[in-house]
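Below is one structure, written out as structure tokens, with a few remarks after it.
Note that the chains are named A, B, C and D in the order they appear, and that numbering of residues resets to 1 at the start of each chain.
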């Protein structure tokens, strides 16, 4: 496939929109918005006017990526890095600004589809068997592997999407299955990737702290699944927020084979 | 060139980092940051802990794209759309959330390089002649055309970068030269794209309101210019902020020909 | 005591400062700060320059007051008002903007002092007996009653102050003792007023929903206690944030009798 | 007048409400608001639920006070203090957190009333003669002197209130008249206190930098004027934002003589 084909076939958009009232994990600050000025408030010459906006949000709100510095265990992050942190400047190491633009092979595991349901049940723990069953292509070292639970269709209803922090996801065994394949990042269409509630967040700990594998959350995987696109070019560029533990991101998926639309 | 080559050659990163104290146009809210919790503040079981962050910023702060709704003339935006706006929800039409992922041919016009300087003078108005002189490849309808003034190297010094809102850029004649080629978007490495100060912002008006051409600002074009990459695959995915007039974005440039590094 | 004496004796300042990294209850957005411009960034004529700032915070961060709309039970707030709410505009009724300036008789119950300790233990539940024992003056209908646990001295250490949401405070019996006296508001020097952790927040429910009694939290009561000021004029003016469930406030206490400093 | 009378007569509320879309000086970040959680999103036991909010704003938005560090001249603030500033921590000296609670004699000069108009014209410069003419009581050292232009009645219409930064106010001569009386603070019901537009902000410079006199802006003085209350007890407690150049404040005025309502 020639690279120029990328110019003629629109990619899949794996990001959700941002708006006041959008879902957010309870411990993360919500998304705030306002115009800063309206058209007409201030006029340049010749009838010209501009409007602009301000926003505020937690870095783990909406479609976002976790930097490796997001989790620690006994004061140590991935690679044995001892936590160094300040409120003003965040993390001295492994900030999301150190994540290079992500241009990698992507793989979709449509777990909901493989189970024959639109959406996995809120207490569904995705096991290695479920992952194997949902695999339609091989997984290679360095890939980005995305797991579909179907939860994205609840996104427009914040209460239903957050669901009192109860949602399907992989358990520790599933996380180990993923890390064993030496992927670069994993993702899902839920807010927490791993099955929640969880008292120890073992999947985050295993992936971010032990394995150095990024986690992407709140993805929209509905269109990929609808079109049976299981292998794709995955491109994502997080905001380079210095020292931050996460960042909004709007990943794109370019089908590497002709989709059956 | 095969698409799989994209997986092995890192793209150029055209975005600047975000940090407290970073440059911002005076009328736009600055970037704010804090950890929301430190590692160790709250412990999950087994010694596991997480940190997270909050940010606030204007939507035209840092590397960003202007939606077509950013400017109006006599109450009308591009395509004759009469402005409909509220502080809470922004623009009813032409919001930045309606900008599809941008995957287009990109072209660099290194104006500073063509003029034989590191950085254009603060009062340098880029004319059609300067643009023609800096063209190393053809420009095609639908392209994204980026103009380098060299200003990016001031980014680390907010006062110097903003420079009391005085910076080089195209004037109206240059903007018309660009719009005549029916490009999709234009960009520059300054905060305002057009030469400022300006009492009527004619370039913004001509591009956004009359021509429907997006503007990308605060780009980092130093590496592209260093490597003489004048033609590339340009990929950018703005945050889909509903109704907003702009959005942070971290564009990527994939060299379509082998760069001479 | 003549009102003009108020002009010559400084009141007690019951508010804590705001700064990046200050304590905040985990589910509330933290305090963010940045200068928006530095002195010297933009010069007016004659060498004159100005600096300004931006902040972001949860409305229940720092010394603050809870509006009656902060809590509900089965969808109903105080006075049988059915919850009407939107993310953009908050609460249709009982917003903090409806709280008139508070100018009332204030009473300090120094529970820690009465128990002979500097700071109550983290699992100390304040009972009616403790409240009675700490009473040095009568409580009258309409008063503002402030309970001192000594916790304010931990404020400079955010982790210690929040303490994984474990802190002393009244239990339901203590709350009923307070509401029986028909006070206007109660307050404490902890982040949650009531003893936490709590699975049902019965004190908040009893005071805000059943009794229409406001709650003021994160107070600094150390100086009042040091000076043995148990009765005072209490003055507080919350920010009138339309529809909000809470607001920062910096309450003042004017000793009504000569303090024994 | 006995201090206990303060408990029975409500004070005048000199603050305006905060809401998305409220007026703000163009160079200051606007007010943003959202609920962080709705009632019912998360349930405690027994049907109990809570809602909370987040806000973001410039420190000079809405009714607010200018710290002495807000202005400088040639790099020096009041009292010869050389500016020391960082984006993260603001001003090393003269931050708004160093302003003690303000409990002072207040004086209203109803300039609009004295001129026989509801609202002063947008180009009206208040001179010493106008100030003298509007004086109904003496001004004493340490007082807070508030000037009424009538502009507060435009507050609900943000565009009209800001008026492209054109509004009545004192000029330098008027500012000198005020500083000669050694007042503690001055205030007005406009966004900039001094007549604007101004290329050098001489009134801010004279009051804040030369004289050490605070400025309070965006006051609501309509009720004081309606009731002919020219002398009062003025009480205001700014948020103690560490290092900030300004702060929201909701001042109260207690009539010292019986008002003629």
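Criterion: a contact is a pair of C-beta atoms (placed from the backbone, for glycine too) under 8 Å apart; a residue touches a chain by one contact, two chains touch by 3 or more.
Everything numeric here is computed off the predicted structure, so don't read it as measured data.
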Shared interface partners, meaning chains that touch chain A and chain D: B, C
Maximum centroid distance from chain A, chain identifier (CA atoms): D
Inter-chain centre distance, chain B versus chain C - centres from mean C-alpha coordinates, in Å: 45
Chain C-chain D separation of Cα centroids, rounded to whole Å: 24
Centroid spacing, where centroids are CA-atom means, of chain A and chain C in whole angstrom: 38
Multi-partner residues of chain A (each touching 2 or more other chains): 20-21, 26-27, 29-30, 32-38, 40, 54-56, 58, 86-89
Arrangement of touching chains [line / ring / star / complete / other]: complete
Chain C residues touching chain A - in the complex, by the definition given at the top: 20-21, 26-27, 29-30, 32, 56, 58, 86-88
List of chain D residues in touch with chain A within their complex: 20-21, 24, 26, 29-38, 40-43, 54-56, 88-89, 158-159, 162, 164
Sites on chain C touched by chain D in the complex: 1-3, 5-7, 10-11, 13, 15-20, 27-29, 32-40, 44-60, 62, 69-75, 77, 83, 85-91, 97, 100-101, 103-105, 198-202, 204-205, 209, 233, 235-246, 248, 250-252, 254, 256
